[in-house]
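Right, I'll just put the structure down here and ask away after.
Chain IDs A, B, C, D, E, F, G, H, I, J, K and L follow the sequence of writing; residue 1 opens each chain.
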């Protein structure tokens, strides 16, 4: 059974209480449940995690490469500042999809640049919590499973 | 029955013969077929079109707002140069999803900037032809239909 | 009888329905009527047209130079991206006034730059539909007619 | 009877003798006379003044807000360097129109940026002395008087 | 008895009526009263003044160096444009604290740069009228008086 | 009893031994003592902490929002590189004051930009250890307590 | 018999009347005649066309790839703004030579950048109408025909 | 008898006490005396003045054009910020020499740009008080008097 | 016996498996062995460590200053983003040599800037694993030991 | 008999051995032979030379102006760094054509800027050794000889 | 007897024939004669030389430091491109005055930056040939001789 | 016996007398002696040379490629301005190591960019004269000799 990791970056643990006009009222556990439903429908195993620490996220990407066939990465703020996460994605042979809840292109200029996107398969942003199932489906398609 | 438009910009009519190392071997009619399958599965009507002309694309966006509930827009090269398409999207009340076959963030610097993304619901890029069904599914979700 | 052309660029056909908080509720036919009134008062003939296509606007500027004594140009989005329109204005011997409904300097940074203004007689912006009669009056003054 | 102020910035007192190839041969008193004619035609009172001092111009804008219904401001060189004038315009509730004799967009790069325009109603430039009556007329229109 | 000067730049005389959503309803005389209270508590003499003129502010800084032990400077708009004020601060041996009512870092990009801050002791911004007593207290501390 | 948190970023644990010509000879425990004195005077509870880790600082800001009424944040080097800290401050409803020992505007160019200041109440910098009591006092004032 | 296309962009139809101090007195039909002479000398077939529309030029490049062995492209103003033309050139397997009448490097800064040159064989500029026969000769050489 | 004006900008009245490591110990009256000696040697009349106000300096330049054959201008800080002074110099037909005591190119980056130098005859900087007699001599030479 | 620390940043634990075309097939334990050989030859003690966490690296630099005479720092991706590491190096009195396996100047633009190099003794890059013994030898030389 | 000089800059003496994937296998003597053939066909005298020294190239341009009617200049690397060569071309009254073997616009960003092109008649690049005969032919045309 | 060197850079040997509208009709030998007259008047020895080669100019500056008390340097085009000349000036203990015939600030943007000025005593520009005697006089003054 | 060249650029002949606070008291002959010792220890032949001329350095690099197995290049000031040296290094098949005495990253901004480093094997900087033996050792290692 193919396994996919979903990794969430800083402040996403606050989802539902943090700036709801941008990020909505859905919590991270709600999103995890949505992901598990989609994974179940597609016959995939799923690991879902979150960390506020750049170093821990580097560790998790390295680890994901040994246990999963693909990674959905919502690096949140680190998207715009972390070369270490970019290098971690480059360093492992795992396909990675960059994901954002909000449409980063409609926000501050500094959120338009991603250090990580250039070394990913693709990017999905702006669809709120619905972006997670979409990304899992996109990964399944990328892995040649029924998308 | 809800209807969605899919609009393709310049040079996408060459798909399958144009730079296959970037864009793959699938043709635009192949993609239209994939879109029709997905639309059918989701119970949606679909209009699929292409033009090489910025002005014609402006016309088509204006027209789409009168006949469709949502628009999937792969503006190709005009993504990076057209304020007119941005203004057309702003001017109509239609939700629009920006779509790219390739991961534009992994290509030349000038393809990282989109004039249109800031006025769209969201962006999907890098998944090749599979991005089209994903975008239709994302639009269905955005419209509150079963995604 | 001296004739003046008024040429409108992309998305101005949507006026009155497009982003009324920026562009107001007046429609393009309303504006044409205002222009005709002013032209009549000043004893001028008037041609009033619109196109969403950059190439068609180039054609129209070239044509205007053969039938009119002056041109009022609201190039809308093409103001900020079109060297072709600039070159068309430079190429003809016709005096041109750049016009905008909104105060472009109070909007996004990219709307502050005009490719066309440097080759025009002058610029009028920010007065909404009232800018059209003002521009016609300014052209009449420029042509040495009673302003 | 509605009153409008016309305020002129540095070096405009030299008009007629200063760089006539750019600014023409008309003097500032000539322009004042033209303004008074237009104001008279439109049934408006007019105050017309000039100063070379940024601080004095700030004072005059503050004072204008107490005695006039609108302000025509040709801030000349301070247009491109004065945040203090911008803040004065923002600070008062008076509608302000920015005016330039020359087409600033056809001159040096540094004259393309205006600190003041973003907080004005609109901008008129490039029509020489004729720009003053046009601006008064534009202000009358903006105030809902017969324009 | 140690004396401190508080110097206010352009448009601060409008405080209370100018853009209250940014600057609040407190007037400059209200602030002067707050300053006098704090100075009294700290056993300091206080001079409080305002000018809209950059040149007059240069004069006042030069003069302050002869009569006071420290200067609180709210240079308002000149903060972002005046090298002359920076040079005046550098030229005198007086310690100067830069002060702003609003949080300039949360406003337009051009308000993020201060010409004067690099030659001051420190900066306090964002606390509204309360920033004045804080700055006086900070100056007292800097001068080795009970802060 | 109202409680305030004071949070210190990377390398501030070295205070007193690190570059004394910039940061002085006072140690972080000395500063904590000064803060406790001020808090005591103002009738406030105080939590004082430090970490070299960006992720841990994100955790601490999130946690502070549940136990304190305000936060004084000296993010040190992360001020200039961390969007994650900015997002943490935005995500919580806690008022935050940015604090620096040195006058960052008098140092290297890259220390002039703060990612965090735009989402804070205000900024205090340049007053050395005395800045801490000032910031606590500013927070008390901001919270409507006797400042 | 080998065939070559010569494609001319916006405003080149005005040649001979447009800014003769830059572009000279020769008309586009004059140039076509020069091209036909050179093609005849080199034993080549020639198609010569012009359009003011970016979209039409994209169509023509796509079409040229099916009927010609090489393309001479004077994209005029679109040289500096059109990614669509660049992508059209990249998308077809046809060798393309970029051509300009004037020395673009001796004109405005914005004419120094070409979107199209990086995907062409080479560039010829500054030789006026004589550049056309030179470009045909260069193409013949590039195709391994007697140059 | 030919007359020359020497005009000094903001903070130069502090000379001798202001930052002596940059500007030396000579006072402005000392410099005036040196200038008078040189003028006397060259058979010139001399007017020597100083102001801290940009507007007053504009007035003085305008006035100088009516009473003098040449102007030596040490605009100090306004050199780097004042378009009004530049326009004043352009507006009058008087030859102007820009002068600085210090070598501005060896100081902060922002002192390398002069708004005024492009409209002057030439520039002399870095020679301290000795630069004044040199500038007077240069002006005498420029005016065709024995230099 | 003099002791030297070698500190490795994010993703260097993957060495040998990560992008071997850039970083080669040697593993970090291989490099540690090379370092121990060189240290042994030079009569030095050696501590060798790695972390993916910026905060942990700050801790390690602070700690190194208490137990070692010099530090070799391969900060990997943090080289280009971490002011905290720069400040840690500045804060301790330990000499530090910056080291990179690859020639960072031959890679992406963003790898050309190092936040840390300006506060180091020197930099060695591009020699692959051989750079480590070189750096140890350079540090021995810098410390006045036989290099 | 009209004479033309062909001048080659640094490293072109290595042609044929230097980076053949960019510059091809033809040597500089091969190119000289091609040039002599073309010159012979056109009835022109030819001088062909090369130097690695910027100063020597300045000398050669100055000298060419005295002995030749036109100059073909392949300044190689100095194209992008030498104002001295630009000034030499400006200083002499000789028409100069800038030539490059490779298409500089398809290479590194810094090769897109030429200091020399703005003062030349025109530019030819990207045609390899064939560019030399083309440039001679272009010069002949420019000189009014049969091109 | 004190000796001064005057060193002239590339293309200055063409003076009198090179672009006379910028540089005038005086030749370099004319200027040398003027310099000798001034040196004679001031009781100075003079060496006067010119080279088109950057390396030769570096040699000459190094050599000047051994035989002269001061150097007047008109580095012409190398002013804007040569760090080697800057380093040569820094490396020797000789006072150097930068000199230009034309007012470089009134010419192309790239002539506004000097690599050499920041390490010189001062700069004189815009006075044509008269600048040479002025510079010698300035050097005499700087050396404490009668200026 | 393998031979290595060491090539030194402009002003390095002054070493020991030039700015000793940056470059130290060691002379170039001292450094040559150190290099010869190291080469002897490693069983290498050595050629050691210096020139102030960019063109001569290009010649020397070309020549080195024919007589040596590797090149140590301290291009000094030309590092930051010379594309010709970069192209020379690219043009030859010789491995090159860039070397600097000082830590260029701790000096002026313009010394942070190297035109040459991207085409070298690696870079060593900041170790003073000791950098030369280190570079020779690095080259020996790179050539597979005992390093």
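Criterion: a contact is a pair of C-beta atoms (placed from the backbone, for glycine too) under 8 Å apart; a residue touches a chain by one contact, two chains touch by 3 or more.
Please read all numbers here as calculations on a predicted model, not as lab measurements.
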Chain C and chain B - chains in contact with each: G
Classification of the chain C:chain G interface as same or different, half of numbers criterion: different
Between chain F and chain A, distance of the C-alpha-averaged centres to the nearest whole Å: 32
Averaged-CA centre spacing for the pair chain J and chain D, given as whole angstrom: 54
Separation of mean Cα positions, chain G and chain E [Å, integer]: 63
Touching two or more other chains - residue numbers and ranges from chain K: 53-56, 81
Each pair of chains that touches, named by its two labels: A-B, A-F, A-I, B-C, B-G, C-D, C-G, D-E, D-H, E-F, E-H, F-I, G-J, H-K, I-L, J-K, J-L, K-L
Interface residues, chain G side, partner chain C - complex: 9-11, 13-14, 17-19, 51-56, 76-78, 80-81, 110
Residue ranges of chain B touching chain A (in the complex, touch as defined): 97, 103, 105-106, 112-114, 117-127, 130-131, 133-134, 137-138, 141-142, 147
Touching residues on chain K, where the partner in the complex is chain L: 53-56, 58-59, 62, 81-84, 86-88, 90-92
